[in-house]
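Multiple structures follow.
Below, subunit A partners subunit B and then partners subunit C, in two separate complexes.
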Partner chain A sequence: MIKAFIMIILGAVFSFILFRILPGDPAKALTGDPRLPLETKKVVFKMFGLDRPLHEQLFIFICNLLTGNLGISFQYKLPVSQILMEKLTNTLILLIPATVLSMLLGIFMGLIAGLFNGKLIDKIITSIATLFWSTPSFWGGMVAITIFAINMRLFPPGGMLSFYGASPSLSNIGDLLWHLFLPMLTYGIIFSGQYTLILRNSLVEVLTEDFIKMAKAKGHTDFEVVMKYALRNASLGLVSMIGINVGYILLGSITIESVFNWPGIGRLLYDAVFYNDYPLLQGIFILFIIVMVASMLVVDILYSYLDPRVRIK
Partner chain B sequence: MGRSLKNLLCSALVLCLLISQVGLSSIKAHATGETVLRYGITGMSISFNPLTSYSYTMIRSILYATLFAYNETWGMEPWGAEYAKQIDPLTIEIKLRDDWYWHDGKPVTSYDYKFTWELLLKYPCAQTRFVKAVSSIDIINDKVFRVHLKSPMGGYLPFLTGVCVAVPKHIWEPKGLTNESALTYENIPPIGNGPFKFVEYKPGEYILFEAFDKFFAGKPKIDKLMVVIFSSMDAMVNALRTGGIDVVSNVPMSVAIELMKDPNLYVSLAEIPSYRSIYVNQYPGKAGHPALDDLTVRKAIAMCIDKEGINEAIHPGFTVGFTPIPRYWPMFNPEVQNIWPKYDPKAAGDLLESADYKDTDGDGIREDPKSGKPLRFRYWVYNSYPEELRAAEFIRDSLRQAGMDVEIRGMEAVLWDYVVSKPYDWDLAQWGWTVHDPISCWFPYTSDAIPAGWSSSGYHNPEFDQLYNSLLNATNYNEFLEAQYKLQKHFAENLVEFILYHESYPSVWNVKWTGFSNKPCGVFWYGFNSRTFNDVHLVGVTEVAKGMNWNLVVGVIAGAIIVIAVIAIILIRRKGKRAQPTAT
Partner chain C sequence: MTVKKIGLFRNDVFRWRIEQYKKSLINFWDDLKRRKSALFALVSILVLVVISIFPQFFAPNDPTQRVGASWEPPSSAHLLGTDDVGRDVLSQLIYGTRISMLIGFLSASIALIIGMIVGVVSGFYGGIIGDLLMRITDFFLIIPNFPLMVVLAYTLKPSLETLSLAIAIGIWTQPARVLYAEVLSLRERPYILRAKVLGVSNLKILLRYIIPRAMPIAFAMAIINMGWAIPSEAFLSWIGLSDPTQISWGSMLYYAFMRGSFICGAWWHFIPPGILIMLTVVAFMILGQAAQEITNPKLKHRGFYAL
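Right, the complex of A and B next:
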């Protein structure tokens, strides 16, 4: 936990320095005016503390960070934490079901492929999984929109709800699900490919182990052998990959959210980069670090649960 | 069929039914009879501060009205003002309409304009350039004020039209927004005086306005206007095609041509006085290529730009440009069409050869005899406009025929702004300007524009500065026109910038809507006047069309997933049972 905390602080400092050395003018975000005269710009910078020496700005930033204060967004003039919570919620609404779908689909396909190893069905599933995994998410999204939204008019091409102005709630959950379906499916299918291949390969290896033969000799059905013995052992690699992918998926949400116009963290990050919105950029960066660190911690814990040989002391 | 299988299937059907009932009629409809126009835009941050916001002047046009507005033939007509009359060459008297109100019900007064313009003059920002000619303002009464000008400008007053609006003094002053703090004031909720009132802003998602019933030109026919913000052009166009939004006005021509094939959409083209040009780095003490200071080299480059060809291939419908003044404006100088060098790369090569720009090392690129540097220029192009990258490639091919070359560098807007406006370490850069009026459009080419941060090419020429001053000091329209002609002639003869074209912006809307004010410049996101959406209404339909039956879709999909999973489980279990040895 201490290591995780140190990593977060180091990441925050790195983000602070990185965004300040990038080219661009925060005065544009502060005022909306990209051609502010120099005298006016100096006054504006003074109002927001940007005229202070960098080390002083960094000290203030770290002190605020330790109290949970991520500052005020230059663009939106709102607390960064408030903006992040709202957009993160929207991103999680998309990513959680998408991740669950990719896992279920990946496990299902990996299971079938592993069980029927060497047969035609295995080859078909492996090819499909490879195709899914190698498909860029933005391309997959655009194809899905073209086919299912524009040509077949089955689903909306983007957005979170039919009527802008509504917020997700129990009363419009059906509408939300309708909008969620295509991006979730796109994401889920693309990431399922990786899980299918990992699980299939692990399963093929595990099914040759002696304890599997023992289980069969005891009289267990194939279904029981797979579900009770083989899957748990084969899923170790899968669990590690899912943990690593959590952070990757969050970063990758930029493309999916842009293609599907989903109002989440990905789009927020893109806007913040464009306008040199330092506080927002730093907030998003820190969020990503926290998510990555947290997911690796969860993976470690889960790993020790799945594999008794590995225990956290 | 086995009992367990029957039970499983029944359960699946029940679950499917339940899921399909989730969110029955859950679309929160707007009030019965309420019409909402959804206008799509792409972009980033929105600013509601009318003094500083540079982009999205369309938002400003929705919220605020100007004193005058352009009519269909680019003449100026009273809008928020009842009249503007010249008392003497340096004094204009303006009377505001008696029925012009702020959205909080208070009347718009002379004090608002005095407050706003004095703030702009004291703390320079984006809107200051429209009131630069103002010396002082005297209040006659609540509705009448006199503007004293620094120069007469031939009666053409930029602060009457375009994007120059006032802020409500009775709101800003009590908040202490009388100094630099006014420049960073987020102004949410904004209190305007235009056809629509602000209702809600969700950053990155939408802005909601509702019709203002006390607007002097009449309450808009729609109840609400929603500006929907998209992160990408594709997402916006897809939403338009599937009915998610109703109108867009900033799509590239290539997209508009595709949309013309859709019978549910109407594409309207309108010329707008916004031009694209290639800036030529002429900043004093610059880090750019020294040969660009030579008019001969600039002439040779101009001879390699096939404007008609580029328009035909990439921008059908655009108007070839020569100077900031578009050809369809009354003060356009037709002589510039003959002054501008004709497209002829071979002749350009001959011109350079005769001026001693020779290819001394045999690599096909000529060298500058003074500096020895090859005539290879760095050419920055905005990434956001792929058609401009194509245009740059066209130009590069022609330049190579003349013994010159360019390194085309596409870059994001942030980097482009930084490189072009700060270290000046560039040679050619492609962007453009929007011409709000025929006076302020010349300012970026004056020497004063450089320290003010408004120069594009860093052009500094005393003769041009003098011509600009003569424009400002024109005492009547004839003098004004003469100054305009001379400025344009100077611009064309000296090839200050390579203006490529004036744009024609496609506006696209769903055919169920009508009444868009498409002239003079279309439903244009740079919004020249606040009458754009005033007469828009649905064609014979009084309700917003409902969406599709997502209940059925969700239910069918949920059911299908469950059925497939159940079948797979059954198959796996059956395989297991067959493999189990039977007792003997």
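Right, the complex of A and C next:
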């Protein structure tokens, strides 16, 4: 826990460095206009605390972060943390079912491919998974919208609810699900590719080990062997991969939300870049770091549950 | 007399090294020939490289000039139609290959150089600096790499070089870790210990024995890095963080998304670049996978190891 906390603080310092010291300085962006008189510049600098030495600024920044103050968004004129909290629910509404779907699809396909290792069906599934894996997800979203929303008019091309600005509640859950379906499906299919490949490869590896022969010798059927012995071992690889690949899941949130105009964190990042919204971008970046660190923790716990060798240590 | 001997010795080592490289290249080629898919991937990549070097021989039109009406569907005059301002899509695609491949190549090289320095220094020298470098690598693994690329590309102002740098900083951890493991195992080999006992300096051991040995694995990592860098470029360009004056596959998707080709159903503007990105990534991944299996047999059956 302490390690995770230190990681988050380090990440915050890192993002401070990124945003303050790199050439594209927000202070310069704010006061870069040559027509601005020098006095005004000084006042603005003082207002934002930019006249103080850097280490002092860093200290203030960290203190603000600890109290949940991430500054004020240029675009919305609201505190960044408030916007993030609002959009986080929307992101989770999309991301949780979509990730679950992609993992289920991936596990299902990976299981079949691993069982029929080397046969035609394995080759078909692996090539399809490879194609999914290398599809740019935003492009996949564009194709899905063109086919299902624009040509076939089955689903809305974007947004979370039919009325702009409405918030999700029990009364409009049908509308929400109708909007959710296409982005969820796109995400689920495209991101299932990597899980398929990982599970298939670790399954193939596990199936050659001695304890599988032992289980077979005991008289278990092939199905039982896979379900009881192989899958649990193969899932170790999958779980550790997911830990590393949370960044990849976040990428999905950025691209799919941006294409489908889903009002979540990913779309917010897209807009923050578009509208030059420095504080918002920084807030999202720090939020992503926190998510990464937290998911590393969860993966560690899951790992110790799946692998007793880790537990003993 | 002694001077002459040492000179001769050096020359021999050099010649021997060249021989070794030749041999390993021939071995590599023999191994590759047996893998049909890898061979196919190599050929398609070579075709893309040729296209990106000489786009003017392949493109029917100037990609920046208006040659027709807006959103002309594919026809014999314009095989892939025209975009929102009437530029030929096929020509843009062909010229876009150059920027996409160039950014991919640049960022993969930068990532490899950073990864190599970090991996070799921390694997070979160890100590405080090595530890520190590995901690930094771990730290960069925690930082979500795509948002990091966005932030970097955003703060550094869009251009070809900064985009490559941003992508490289997003992907250098993988080569660093692989090379670290490799150098760590090389360091304990008997012939390295022998060289140490004979009093060969660390730097010489590094340059003569370790780095040449780690080269094939670094080469495989470079190919896999290309497979990462090209979609990353597309992603960053699509968000709008590339140089708007340069045509790449990603920026074509950006314009298709922003300027309405996408919403008014002009599929010929955005389907082809996406398919090209997809197939290029597949090609690099298959080739990189084959190269990794050949150069680093320990990793067999690990599949898309460098995800």
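Going forward, the second predicted complex is superposed on the first by the 265 of 313 C-alpha atoms of A that agree within 3 Å, B and C clash if a C-alpha of one lies under 4 Å from a C-alpha of the other, contacts with A are read in each partner's own complex, and residues count from 1 in each chain.
Note that in this section contacts are C-beta pairs under 8 Å (C-beta built on N, C-alpha and C of every residue); 3 or more make two chains touch, one makes a residue touch a chain.
Just so it is clear, the model here is predicted, and its values are computed rather than measured.
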item: Superposition-derived comparison: subunit B or subunit C, residues of subunit A touched; value: B
item: Partner chain(s) touched by A:Asp300 [first = subunit B, second = subunit C, both, neither]; value: neither
item: Which of subunit B and subunit C A:Leu18 touches, first, second, both or neither; value: second
item: First, second, both or neither for A:Tyr270, with subunit B first and subunit C second; value: both
item: Touched partner set for A:Asp51, first subunit B, second subunit C, both or neither; value: neither
item: First (subunit B), second (subunit C), both or neither touched by A:Phe288; value: second
item: Which superposed partner A:Pro157 touches (first subunit B, second subunit C, both, neither); value: both
item: Partner chain in contact with A:Met142 - subunit B first, subunit C second, else both or neither; value: both
item: Set intersection of subunit A contacts, subunit C complex versus subunit B complex; value: 23-24, 142, 145, 150, 157, 258-259, 270, 273-274
item: Complex interface listing, subunit A residues touching subunit C; value: 7, 10-11, 14-15, 18-19, 22-24, 130-131, 133-136, 138-140, 142-143, 145-146, 150-151, 157, 194, 197-198, 200-201, 204-205, 241, 244-248, 250-251, 254-255, 258-259, 269-270, 273-274, 281, 284-285, 288-289, 291-293, 296
item: Subunit A-touching residues of subunit B, taken from the complex the two chains share; value: 22-24, 26-30, 38, 44-45, 47, 49, 52-55, 123-126, 180-181, 183-184, 186, 188, 200, 202-206, 208, 226, 228, 230-232, 234-236, 238-239, 241-242, 244, 412-415, 417-419, 421, 451-454, 547-548, 550-551, 553-554, 557, 565, 568, 572-573, 575-577, 579-581
item: Residues of subunit C defined as touching subunit A within the complex; value: 139, 141-148, 150-152, 154-157, 227, 231, 234-235, 238-241, 253, 256-257, 262-263, 265, 267, 270-271, 273-274, 277-279, 281-282, 285-286, 301-304, 307
item: Subunit A residues within the subunit B interface of the complex; value: 23-25, 28-40, 43-44, 47-48, 75-78, 83, 87, 108, 112, 115, 142, 145, 149-150, 153-159, 162-166, 171-178, 181, 219, 221-224, 257-261, 263, 267-268, 270-271, 273-277
